[in-house]
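Chain IDs A, B, C and D follow the sequence of writing; residue 1 opens each chain.
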Amino acid sequence: MSFPLLTVVAAVPAAGAVATAALPAARRTAAKWLALLVSVVTFALALVVAFRFDPGSKSPYQFTESHAWISDFGVRYALGVDGIAVALIALTTLLIPFIILAGWHDADPLEEAAPNRRWRPTQGFFALILAVEAMVVISFEATDVFVFYLFFEAMLIPMYFLIGGFGDRAGGEDEDGAARRRSNAAVKFLLYNLAGGLIMLAAVIGLYAVTADQLGSGTFSLQQIVEARAAGRLHIGTGTERLLFLGFFFAFAVKAPLWPLHTWLPGAMGESTSPVAVLITAVVDKVGTFAMLRFCLQLFPEASSWATPVILVLALISVLYGALLAVAQRDIKRLIAYASISHFGFIILGIFAMTSQGQGGATLYMVNHGISTAALMLVAGFLISRRGSRLIADYGGVQKVAPILAGTFLIGGLATLSLPGLAPFVSEFLVLVGTFSRYPVIGIIATLGIVLAALYVLVLYQRTMTGPVKPQVSGLPDLRVRELVVVAPLIALLLFLGVYPKPLTDLVNPAVDHTLSVVDKKDPKPTVQVDAVPGGGRHGHAVREQDVEAAK
Amino acid sequence: MENLIALLVAAPLVGAALLLCGGKRLDRTGHLIGTLFSVASFALGVVLFADMLGKGAGDRALHQQLFTWIPVGGFRADIAFQLDQLSMTFVLLITGVGSLIHIYSIGYMEHDERRRRFFGYLNLFLAAMLLLVLADNYLLLYAGWEGVGLASYLLIGFWQHKPSAATAAKKAFLVNRVGDMGLSIAIMLMFTTFGTFAFGPVFAATDRAGQGTLTALGLLLLLGACGKSAQVPLQSWLGDAMEGPTPVSALIHAATMVTAGVYLITRSGAIFNAAPTAQLAVVVVGAVTLLFGAIVGCAKDDIKKALAGSTMSQIGYMILAAGLGPIGYAFAIMHLVTHGFFKAGLFLGAGSVMHGMNDEVDMRRYGGLRKYMPVTFITFGLGYLAIIGFPGLSGFFSKDKIIEAAFARGGTEGWILGGAALLGAAITAFYMTRVMLMTFFGEKRWDPAEVHPHESPKVMTLPMIVLAFGSVFAGGLFSINEAFVKWLEPVTSFAHGHSPVSATTVTAATMVVLVIGVGIAWGMYGRKPVPALAPRGSLLTRAARRDLLQDDFNHVVFVRGGQELTGTLVQLDRSVVDGAVNGTAAAMGGLSGLLRQLQTGFVRSYAVQMLGGAAVLVAATLLMRGV
Amino acid sequence: MSPVASVHSLWTVAAGAPGKIPAPHIEYAELSPTLIVLGAAVIGILIEALVPRRHRYYSQLLLSLVALAAAFAAVIGLAAGGFGSSKAHIAAMGAVAVDGPALFLQGTILLVSLIAVFTFAERRLEPAAHGEGASPARTKGRAWGRVDSFAAQPAAVPGSAAEQAAVKAGFTTTEVFPILLFAVGGMLIFPAASDLLTLFIALEVFSLPLYLLCALARRQRLLSQEAAVKYFLLGAFSSAFLLFGVALLYGYAGTVTYAGIAEVVSDGAKQIDPALAGTMGNDALLLIGAALVLMGLLFKVGAVPFHMWTPDVYQGAPTPVTGFMAAATKVAAFGALLRLLYVVLPGLRWDWRPVMWGVAILTMLGGAIVAITQTDIKRLLAYSSIAHAGFLLAGVVATSEDGVSSVLFYLGAYSFVTLGAFAVVTLVRDAGGEATALSKWAGLGRRSPLVAAVFAVFLLAFAGIPLTSGFAGKFAVFKAAAQSGAGWLVVVGVLSSAIAAFFYIRVIVLMFFNEPKADGPTVAVPSPLTTTAIAIGVTATLVLGLAPQYFLDLAGQASVFVR
Amino acid sequence: MNPVYYLYLAALLFTIGAAGVLIRRNAIVVFMCIELMLNACNLAFVTFSRMHGNLDGQIIAFFTMVVAAAEVVVGLAIIVSIFRTRHTASVDDASLMKL
């Protein structure tokens, strides 16, 4: 029994959440620093995981832990990570410090608010963020369907309070209306996801019934089920498997979100503060796509390939639909939300293209989209906090008064439209290639997405940042140091992963291959055999060493 | 030696990084730094060029592998450079003209408080453009391709406070994206067909691919080229792009970036040679565009837009040549280079004129400027002679060859293409003469009280002079026993076409149309005075002023249509997709309110319900047994 | 001995020579829990009679706590003694079963009652002076407390001078404690009863005290009395049906012992002499009788369509009583239901399962849907309890040991959550006593985050959010149902819990995301009694949510009925 | 005479009682109807006891009477108190709580 690294990675933020929440109302600043410290420590731990992870190893999961938990339900507290999980955990733990830092003042009580010793919004805010982090990390680590489900559902509650409890200052006017819209958005978020989760619960129970029926004792262990399937000891009837798959997929599709189950996202992201919005789209929603990859495909291979055509079409619709609606938005954050819907479409497209490029790309996409959206959304948040309005029409000529803000915003935007050299390009292109190589038509139509992306990003930038300076904008200060500290590393990361994504791909590829092998799909072979030719010789081993050097 | 290739790209990239992240402290020295890095890159290019000349024609190509960019499954993109004669030509052109324009901008942008940023963008552009021409695979090329798009976006919109500039920049990027879509799909198709998209393997395997695939590839690449090189139907952005500072127009929208399409087609020669249908499309696009641009150029009164139309038209020539296959590749590139010289010169001249005229761009407010800015006049004049193909100057050699090649395609196509090319030459002569006359000759149409025309400072005139030299001699130099053709042959291969008409005849014809064009122009703008306000003009003129209504078409079809579509979708999202959810919730609430009514509060009604329940329970139990 | 051949003989001692009356054999030790509680109740009555008023409160409180604790200890002792498993048998000449389910449920009931006693005894919440005579000065002058939430003098007409006098005198109704103990006694027998007569008696023994308790509210006595009258009339009505059912079953089987009836049911009463064939083994009698008895029990568990009393009674009764009823009655009634279905009617499974499916679905959906539009927190919880009855029924119809254990676990988990929730309700008060109107709860989270948070935990447990006991219980019953092949029942359950989530969430929104009203209620600071009750509730909720295994094992071991 | 008739009678009485509960307003009368239902049960018990030739039914009947008596005590207490409060024994007036 080795050191329970994975548990610790999740336990640290959990403990931090409790500690932060426990601080008295007066120690607001202390709470902030504590939360920041905890999140940084968590990131450090995640890095330890990432570096001690061995992509080459044979076993699909590493750092595995397994303890009896609820034997009546066949539940074991079983953790383990593959490359995909490592990447996503790293992303999550990386983003949280920036989210905390960006939300530094979002939960400060209003100046005019009467002092209330009991009510401690600030402590609550940061504690909830840490709680979400802990739950997200666990659900990335869980190799037991039940454990995953527990936290997949439980994380709704802190998210719900984050969305409903804290919003942008509506700039004085109509605070009540803002509060009402906010709580509506929160309720919608919760009910939507809860409904999805409960449907999934039925499927989870069904899965237990099936395993209990065929394996003697019911189990939720992903590995056991996969192996039993491979060994032929477990055979789920076609009808049952499809129903169970749909049950799981529905929950993940809501979370992802996939058209037409997306309508909760714009509200939730629009009404919540931008750090929380980042938390939603960059961290929490990733659990959905991740779960498709880990659970839907591996538990129900046949059903997955059965459902693929429909899902691909839905994903394609999301891509275009999200982009088109983004173009039409008047509200900066809603625009970004719809853009995210479009991007999640790409991710799902990649996952169900069932090619190594598609799924590898999708995984990269999850990471890159997390970073790029974080950059864009946080800068947008800084802008909004300055002007107290989310309406695009209220801005104009910002780049004149706040060039750095505008510049970072532009870079975030360029990343969103996946410009080569920035990380998202790599993943988006991989997804497209992966899709194209199996479903050319869908691939081609999806490519329209890159044009539309350019449209909504540039329109947004033009309307807000360029043109004559609006009087209300003229006074805006440029980015402060804290804000720069938040944005600069993200941008640096975008550039780095855009030019040298190899560390990430090396991490992800084996896991993707494993998934594909479970689903029993092979990449389509090129139609034309290309032999090594002069000038093409560089595809020989000569290059391999260079790779090794480069990798160092 | 090959390890230097990366430095070619790195130098301007470092410059850009320094300037853009450097902050205010670099404001005073920024322009010098920028120029320095650009010149450094040029020097490096020259060194490599010398080294290349030292080698035999066969093994001149250099290759440098940096590291693997994206390895996923069979998908493998490298960051690797390939420097052969074709790339070399571009490197020299880009860095050379680029450096000159850096120098020119020092003067031109002197009074702009964001000059540092301007030079940063220029360096960024150089880096991206060099990446584009040095890449050894299509994906890396695509990166450079989008990179130059970004740079052009930033530079067109450099004066962001002008809404027109911002809009033009956005338009340019979007239209380019449409082209890029073609390119990216082409790359995907390559990957699925060949399992790779590195130049070497792909070109080596073209003969094994199906005709349909190759044609598709060709057309997709052509789409990309159209976007970047402002060819019909994606040309609409170039005119608006003139919102950018003039040096930008000179460098990006005349000399280098817009020619990337030609590079792409030439580079992909292997594919096009194997796909005649695609080639036909290319030549058609080229021919149409060269007339289209020329006609537009005739109607514009804005000097830069007139030149923009001319650019479009000249690139049409190049595309046409490139579409002709091995007969034309070399000439396409040759015309590209010479065009780089004289068109850049012309733009710089225009810039210098505007500089002296308080940024007035309407040629109808010029006139008789030759006395006030002699250097500009002479350099501009030489550029003018070069572009209309005056015997002995650059344009003469390059354009003449293209027209020959067009005829040499043979058959009716040959005659049509050749005719189009000749007609284009005539129109070129006309509109360039028009520009010349309206600007430098005739009586002055400006108010001496407000504008005081003056010659530009040395730092601006110097580059103009250098370019003028280029426009005069480059063509001749290249044509000495087909030096240029031989130089490129290893890359593009070369074949002598069998022209139905002899070379001399073609040359003669060219001369004739040239004289006609100039004559007409002289008749219209030389002999009688030019009205300061544009006359209504013929239908064609008015259409041409509006870019032959292409923008209006786009506006109606795409902009309006798009707005309609998104509007509908927003409604749909709110009412249908979201409405379904809210509807369910509402229905639940209603049902609840309904069932609530059963709870009347009267004990007896409860008792009734209980009795009923009991009855049902009993009945059901009995039924189950079927009693 | 074949139960059928020898008639049930606790009441009629047929054996033995005439002139001698052999005493029936009673296992006092094994029945000790019940005996202790009932004995204590009797003593409580004596206390009321003999002890001066000022001492009654403490003596009653002490007595009840000791009695219940002792009874619980006895249950533990019995369980430890193996009566839950190996030595399980039917005591008291076939009247009362001592087996796993019985002990488990009795233990639960006793714990619940123990906590309920805490809330009954709470005396810090009510101002001594209230109603018309209450002036701020008086309330300030005389410290809060010393009176509990029961009517000062139940006999006095509400609003009359007599009542005011009683209030000013600070009278309290300490009789509630013995009454409570009687009810508990009945509840202890109810799930253990192993013949229909005992079942009926037990039912009445715990129902009648509850009727009384409902009528004893200190505030809003009109509602309280109305609740009592409704509960009483409907209760009596339903128990009449139950009794008729008993009669029919007796007619069918010739005996009222579970074992006897079960035997007749299983082998169709062959060895009965043909003379009685008209009634004996007549399935009509059996089916109708079974249906009527079921109805009586379904009424007690508050299943649709026999649920109408629940909201009114829950709303009108004093909140501590409501909490006690909601928790303990459900436990007892479901215990009896389980025993009836698993011991008496297993042979009839194919007849009653579909019917119960229907009832379960109606109950789940009905409770959840109607709750959406409720505006009073107590009514809301009432409907939620109905919905939960539906979930429990889903487990009941599984007809497997898993089904039994899951229901047992669910009952344990649910009763603590309910008690805690109602205990919190007692804290939120304004001038008119408890502020049960939902609208008044707006912004409670701002005023007193802790209480609101605790209540939120309970609501989430009700909603069955993971990591709470509610989820574990729900999962257990649905799992059992699914394994018994009622997958679609699970789907319905899942859907209805999605609907149910809506109104739990609504309350949370109200508490946390709405601005507090100016005239909003205040949260009274309770004595350690209520605090403990709530604390226990929260702990149970979280422990059963995070580490349910031990209790699942317990329920699993306790899931075998003695036949 | 066929004992089944007694059963029919019992059923009839039970039905009458139930009907009375549903129809009558006065709480006392409603309560009496419930008592009638209980008595119907008793009749049934006694009849069955006679048919089966064992005494259980009769014993149970006694228990039922005791229970009924207890119910009367509690019931009347409640009804009287509510009557004193509202000066009416109509069960329909006690309908403050609804919906």
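FYI, contacts are C-beta pairs under 8 Å (C-beta built on N, C-alpha and C of every residue); 3 or more make two chains touch, one makes a residue touch a chain.
Composition by chain, UniProt nomenclature: A = NADH-quinone oxidoreductase subunit M; B = NADH-quinone oxidoreductase subunit L; C = NADH-quinone oxidoreductase subunit N; D = NADH-quinone oxidoreductase subunit K.
These figures come from a predicted structure and were not determined experimentally.
For the pair subunit A and subunit D, chains touching both partners: B, C.
Using the average of C-alpha coordinates as each chain's centre, B ends up farthest from subunit C. With B-D and C-D as the two chain pairs, more C-beta contacts join C-D.
Averaging the CA coordinates per chain and comparing them to the mean over all protein CA atoms picks out A as nearest. If you average the CA atoms of subunit B and of subunit D, the two centres end up 97 Å from each other.
One finds 24 Å separating the Cα centroids of subunit C and subunit D.
Chain centres here are Cα averages; for subunit A and subunit C they lie 46 Å apart.
Separating the CA-averaged centres of subunit A and subunit B is a span of 36 Å. Shown for subunit C are the residues that touch two or more other chains, namely 229-230, 233, 237, 241, 311-312, 502. Across the assembly, subunit B contributes 585, 596, 599, 601, 603, 607 as residues in contact with two or more other chains.
Shown for subunit D are the residues that touch two or more other chains, namely 18, 21, 30, 91, 94-98. The complete set of chain-chain contacts reads A-B, A-C, B-C, B-D, C-D. Interface residues of subunit D facing subunit B in the complex, by the touch rule stated above, are 18, 21-23, 25, 30, 91-92, 94-99.
Considering their complex, residues 4, 7, 10, 14, 17-18, 21, 27, 30-31, 34, 37-38, 40-41, 44-45, 47-49, 51-52, 54-57, 59-60, 63-64, 67, 70-71, 74-75, 77-79, 81-82, 84-86, 91, 94-98 of subunit D touch subunit C.
Considering their complex, residues 585, 588-589, 591-593, 595-596, 598-599, 601, 603, 605-607, 609-610, 612-614, 616-618, 620-622, 624-625, 627 of subunit B touch subunit C.
Residues 405, 445-450, 460, 463, 465-467, 471-472, 475-476, 478-479, 482-483, 487, 490-491, 494-495, 497-498, 501-502, 505-506, 509, 512-515, 547-549, 552-553, 556 of subunit C are the ones touching subunit A in the complex. Of all residues in subunit C, those touching subunit B in their complex are 229-230, 233-234, 237-238, 241, 283-284, 287-288, 290-292, 294-295, 298-299, 304-306, 308-309, 311-312, 350-352, 354-355, 358-359, 366, 369-373, 499, 502.
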